[in-house]
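Presented sequentially are two complexes of chain A, the first with chain B as partner and the second with chain C.
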Partner chain A sequence: MLKFVLRRSLVMLLTALCLTFIVFFMTNLAPNLEKLAKSEASARMSDDEVASWLEKNGFGQPLLVRYGEWLGVLPGWTVTENGETRGRCIASPASAADAPAFCGVLQGDWGTSTVFKDSVGSILSRSLGATAWLMLWVMIVMVPTSLLLGVLSGMREGSKLDRVLSTVAIASTATPEYVSGVILVVIFASATAGLSPLLFEWGLISSKTLFLGTATSAMDGITFWNFALPVLTIALYGIGYIARMTRASMTEVMVQQYIRTARLKGVSFRQVVIRHALRNALIAPFTVIMLQFPWLLNGVVIVETLFNYKGFGWTLVQAAGNNDIELLLGCSVVAVFVVLVTQLMSDIGYVFLNPRIRLA
Partner chain B sequence: MSDLLTWTGAAGPVLNPLLLALVALLLLAWVLQFMLSLFASGDTAVVLADGTLAARRGPADLLGMAARWLLLGVLAVVLAYLVLGLVLPGKPAKGIIGAMSAQFWPVWLALIVTFAVSLRFKRKLGLYGKLFDSPVGMVGFGIVLFWIFTAIFADIIITHDPLAQLSGLKNKVPGTPVPGEDNSYYLLGGDSLARDVFSRMVMGARRVLAIAPAATAFAFMVGITLGLPAGYFGGRLDTFLSFIANLVLAFPVILLFYLLVTPEIRVTGIPIILAAALFIFPVIFFCVLWNSRYFTDPKKRNIYVGLTLVIGLWAYSGLAFNADPLGVWSMDPNLLNVFVSVVFVNAPTVFRIVRGIVLDLKARDYVAAGQTRGEGPWYIMLWEILPNARGPLIVDFCLRIGYTTILLGTLGFFGLGVSPESPDWGSTIDDGRRLLSVFPHPAIVPALALMSLVLGLNLLADGLREESLKD
Partner chain C sequence: MTDWDNTKPILEIENLSISFFTRLREIPAVMDFSCTVMPGEAMGLVGESGCGKSTVALAVMRDLGKNGRIVGGSIKFKGRDLTNMSEPELRKLRGSEIAMIYQEPMASLNPAMKIGAQLAEVPMIHQGMPRDQALALARQIVADVRLPDPDRILQAYPHQLSGGQQQRIVIAMALMSKPALLILDEPTTALDVTVEAGIVDLVKDLGEKYGTSMLFISHNLGLVLDVCDRLCVMYSGEAVETGNVAQVFDDMRHPYTQALFRSIPLPGADKTSRPLVAIPGNFPLPHERPKGCNFGPRCEYFTDGRCNAGDIPMVPAPGDRHATRCIRSTEIDWNAPIRIGKAVQKTPVGDVVLRMEDLRKYYNVSSGSFGGGVSKVVKANETLSFEAREGETLAIVGESGCGKSTFAKVLMGLETATSGKIFLYNQDIQDTPIEKRSTDTVSSVQMVFQNPFDTLNPSMNVGRQIIRALEIFNEGKSDADRHARMLELLDLVKLPRAFAERMPRQLSGGQKQRVGIARAFAGGAKIVVADEPVSALDVSVQAAVTDLLMEIQRKNRTTLLFISHDLSIVRYLSDRVMVMYLGHVVELGTTDQVFSPPYHPYTEALLSAVPIADTRVKKKRIVLEGDIPSAMNPPPGCPFQTRCRWKSQVPGGLCDREMPPVVTLAAGHQIKCHLSAEVLNGMEPVITIAAE
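And then the complex of A and B:
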């Protein structure tokens, strides 16, 4: 077991290095750097000036060296010009002497965002906090709902309930977040269409719309009215998928011998489902839920953009759209980390939950 | 200046209340049915005097019958709207739904012909014919076919130029008459640039259906060509390819798109390198396919492989490098960028699926028999294993087209799409969402279109899976 975890962790580390290097390479392409130089220094620079600006700001070194500096395994660059020493790790010329040699991700220095004029670390922690709330509520809504749907439709395969619930599940997986979000906003949060005008006319609600169309106010305080639509939008897409997986695993369990034995013993159907079948049927969905995290990340980006909620996804879009290299790198590290850790957890959890799998 | 169109036109006063009543009753019946299924015991059998059993009609059965008839009634009314739209004269009488139905006439005709022919000959059509045994599959196929025909006949269906901006029609509600033109309406309203939402939706179908299936097919070519040897040979090759595949899969899709689909990246030539790497796979696949089968008959082999190479490399030079000497094959650089990224994202998943199937199938007896006969590994992979893996692969192909459609929509949604003017559904949703709570129609129309296409593909895949499992 320990060997398995170790090997998986090593592969994970290698993957993380590869991925961050690819992202580093892609964000540090020549056109991106040129754009950065023009936005930082002056928009009307000639090509020579751009080249010399890049040279002076440490971008002239080979890509691998810069990657090492960013990672924190190589000492940061320094340039001495007119008696002033500037460098990657030097905040101001005065403190040049006692600046650390290494400053990269490993030292906890994530760089500075050019868009928000703030350190990447603090931006990321703030936006991840906001997204954590969103994810928490998504999980609270999504997991029980999808498991319930899956178990209900899987316990009697082919029944009418099964067919209806399966169709619902298919419909929900066929609706990407940007479609369900649009539909939900139109139905519940539009002043001209859907339910809100009707309810307003009947005097049931005092504001113009039932729910709020944006979740910006949820940054200050989460209420049902500003948070329900974003949460529902993300959850809907995942519910269908997890429900289908649960259903498949449930139908597989329900035809096992021990279920028949329990039924013949005279245990009621309800008891069989709850006591005997559920425990074995929920192993597969566990891994599926874990592997859903990368997808949720996708959904988070779309929903935060659609509802203007300033979390991780919104930050990623801002960073990518504005050529904010260090912030985008930070976002990528977080995203890659989330994906890899959930993969590892799903692997280990599967082994723990399923005694039939033994790893040498 | 004529008035706004109503949704249902002249048929409305009769059919609308009827539809409302039927739907209300149907919902009631469904709720009751659901409650009954939770509480009622299934024991409705009666023992007759002669010892046989007879089923008694319980309340659940009666309710089921009622629900079925109500559902048929609702469908009949919906059909009536569409048919009346075709026969009633004049757009005010047709209403918006009727007028749209009239615009779609080539699609209806083609659908009826296809279904009639397919149902007539379904026993002779293999898996395709069996699809018509599954109601779910048939509905899904119908929806998919509807969009395919819409894409084909888009030029006949549209009412206005999808890019033309007519003054005075900015953000107008559905059914607004076009000023200065007789009997001409913006059937589904105008968007924020005063373009016709209906025509853009129809043209968008063409955009989406031109890219998504082709991109999926390329992803399958890459996935199959790499997945077969990885699963069959195993060892170092498998470890290496699996690592690469997992690497790509560990990327959040959105991030990958933001890195790959930017205007700047075209300058660096990365899309062309990727295209050069990915587009060569179909050529390799078909060459190996023919060679492994016909290498004992050099004349035939040379013809097949030669033809593949000529056509394949011709298309390859045009698509990847835009260097086709005859100018037949070419791809807009922006489109190439989008296309390549979508293939790149999809291929690793296909690779994993193919590899998994091969690992399962290579232990079968017919593979052992082939090996004993002395067949080459590529013959066994391509002509023994691959045909037996077609069931799951066809199902996944359908699902993946839907998924690719979603991906393309996502790209459009973030403004990374083909071009800002493009009527494809994702971009249109992105355009419409800014004023969503005030003018919902420009965004909701493409949203519903995209959803129905993906739903149709999912249902089709479900039907295919059900039918292919029956063998």
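And then the complex of A and C:
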């Protein structure tokens, strides 16, 4: 068990290294650096001035050296100019003497965001906190709903209930978040279209819209009205997917011989489903649910942007859109970490859920 | 239900017809089926696969699935018609009055539920018994089905038990509420013979103890003779003969029953002097049944214009409640001796072609959920030594896990031996995996596999598959050459040449196995390993395939290594027999030597466990206790000591401590046992045939 976790962790580390290097390489391509120089110093610099600015700010070194600096395995750059020493690890010229030699991810220094003018570490922790709330509610809505849907449609394959629920599930999983999000906003959160004007006219709601079209206020306090739409948008996609998986697994279990045994023991259909089929049917969807985490990240990017919720996805979009190199790198490390940790959890969880995998 | 009159039948099926409905057509599965089961009676339903016997059982449980429907007739259980009962009424009956035991015990137990919970459920549903009381009852019944350590078993999950134990649990589950009728659907087919014997004994005893009536479904006539009082033979959806077991076995009145008995290897049958008589032709598909008698096209007494004129009714035959579905039953001379086919000369055996010396094969396995853990050594083969001669049939017999398949893999080169030598024509090949063997070696050692359904490429036609083998073996100079050779091979295995163009899915099981044989002989194989070549086939087809193998062997002087667990067929066709147990060869000798005393104690038990479908045969009943020990954790000393009934005859606990030496009893007869010569010579034969 320990060996297994250790091996997986090593693989995880290696993957994280490779991926961050790729991101590092892409964000540090020459045009990006030029854009960075122009946005940091002056937009009207000549090419020579750009080159000398880059040189002075530590961008002149080879790519690998800078990657090492970012990681914290190589000492940060220093430049002495006009008697003032500036450098990667030096916050202000005054403290240059007692600044550490190394400052990278390994030392806990994620760098500074050029867009938000704040340290990457604090931006990430704030936005991840916001996203965690979103994820939590998505899971709370998505998992029970999808399992219920899957079990109900899988227990009698081909019945009317199955057909209806399957159609719903396929429709919801076939609709991407940027479509379903927009549709939900139009129906529930628009002052000019959908349900809200009608309800307002009838005096059923006091505000202009039923739900809020933006989730910005959820950053301060989550309410049903400001959070339901973003949660629903992400959950809808996952619900359909997991429900399909559960249905497949359930139909497979329902034709097993031990289900026949139970039926011919005189167990009622309800009890057959609840006592005999359910646990066996949940083994396969468990993996799928765990695999949904990385997918959720994907949806988070779209939904947070759509609803202007300042979480991880929104930060990622901002960082990518503004060529914020260090923030983008931080985001990619987090993303890799989330994906790989959920994989590890799903592998371990699977062994514990399925008694047959535990070898005697 | 307590006031049920004991003199009236428990189950009365009258003119039952069942059909399955597909989008294309209605497929009749059972037609005009009638039978009656009296209280305490065991009724056997016998027939080949697809004859509708399981459908009848499921119809009694009213569990035919979505597509199946009862289209006519009635099923009366204790006088009440099951065919028009409502779902809640049926539920009350299922599990409490009628219980069922299934073919595959592993599949019929819920893998995620503890045994105790699964057993206790039955009385909790039907009698509203509280949980602790139900568990106490479960414990008692588990002890009743002779399982050791019931408390531990109640807490176990199904996968922690062996196949035999699982089947006992399924039986216990059926007995939880003392049903009046027990339906057993091939309850022992998935089990080893010695385990089967234990289960059959148990079922018989429990039937007597509780007075339960039984509907026993099986394709094995010997088993039916052991268990049942009455029997009903089915063919293609119809009951063709029904009556007392003894009557049907000795005075059969239907040509199919007769043909069935002639195609199974009973003691007395012999491959040279009295070969099996295979039933010609194939089982008709449900939607292609002929007019009139279904068996007509395959029947040797068929008369045109009568047998195919119209529906054939059941007519009474002499004896107690004996009936047959044959209009010529009174005209046929049933006592006419079997028309013996061409008796053939026994082939003389030639030189040694294959020799094994002290062959060992060990596997390393690791335990633990995430890899790692303790690695153990599985000794799949231990000190295997023997030789096989040209033109000889050497049978390798043993139950699952005895190492017979490992041995075949090592010989084929799919695995390499851990130590020891294999000589093929004095060339040692034990360390050469199949990729490195020369084409000659590969083509001279070939294999016929157990399951013909999986071993043919489903997307390549039959001719192409054989030609492919010819190409690999460098046979023939040109494509035309190989094509001609392929057609010859089809002739050899008696398949029509037109089959070359067919796809495997268009072939029946027996035909597929013939293709498998043709492929094995494509390169002029000198040694053919046949790994249970007929066990997946129906009885009537088995005989034909076996005889084909024998005939090709005689023609090509091939050495046949016949791996099987079926001792009847081994006795019929082999020259020498090697009995294996837990990787050891416990007995090796000519067929006569092995099948008559002195025996190795394991051989003795094995012989007694095999059901024989002959009323004249008297068998000594030896039931082995317990299961085969795991090869991962073999007992110390003699491998068989944990189950041996002769152990007490060996002084000084030698069996617990020492591996017995190989003792040569007579020329070519060796046995691995500590028993003294006097004890061995005092053994009585297990099977005796009463004089006629």
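The rule is simple: the second predicted complex is superposed on the first by the 353 of 360 C-alpha atoms of A that agree within 3 Å, B and C clash if a C-alpha of one lies under 4 Å from a C-alpha of the other, contacts with A are read in each partner's own complex, and residues count from 1 in each chain.
In this text, a contact is a pair of C-beta atoms (placed from the backbone, for glycine too) under 8 Å apart; a residue touches a chain by one contact, two chains touch by 3 or more.
Model, not experiment: these values are computed from the prediction.
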Kindly classify A:Thr173 by the partners it touches after superposition: chain B alone (first), chain C alone (second), both, or neither? first
When the two structures are overlaid on chain A, which partner does A:His276 contact: first (chain B), second (chain C), both, or neither? second
Identify the partner contact of A:Met26: answer first if only chain B is touched, second if only chain C is, both if each is, neither if none is. first
A:Ser153 in the overlay: touching chain B, chain C, both, or neither? Say first, second, both or neither. neither
Which of the two partners, first being chain B and second being chain C, lies in contact with A:Leu264: first, second, both, or neither? second
In the superposition, chain B vs chain C on chain A residues touched: B
Quick one: is A:Ser127 in contact with chain B, with chain C, with both, or with neither? Answer first, second, both or neither. neither
Quick one: in the complex, what on chain A touches chain C? 1, 3-4, 158, 256-258, 260-268, 271, 275-276, 279-280, 351, 354-360
Applying the document's contact rule, which stretches of chain A touch chain B when the two form their complex? 11, 15, 18-19, 23, 26-27, 29-32, 35, 159-161, 166-167, 170-171, 173-176, 178-179, 182-183, 185-186, 189-194, 209, 213, 294, 297-298, 301-302, 305-306, 313, 316-317, 320, 328, 331-332, 335-336, 339-340, 343
Enumerate the contact residues on chain C facing chain A in the complex. 61, 63, 66, 91-96, 99-100, 102, 104, 107-113, 121-122, 125-126, 157, 159-160, 170, 173, 367-373
Show me the residue ranges of chain B that touch chain A in the complex, using the header's touch definition. 33-34, 37, 64, 136, 243, 246-247, 250-255, 258-260, 264-265, 267-268, 270, 402, 406, 409-410, 413-414, 426, 429, 432-433, 436-441, 443-444, 447-448, 450-451, 454-455, 457-459, 462
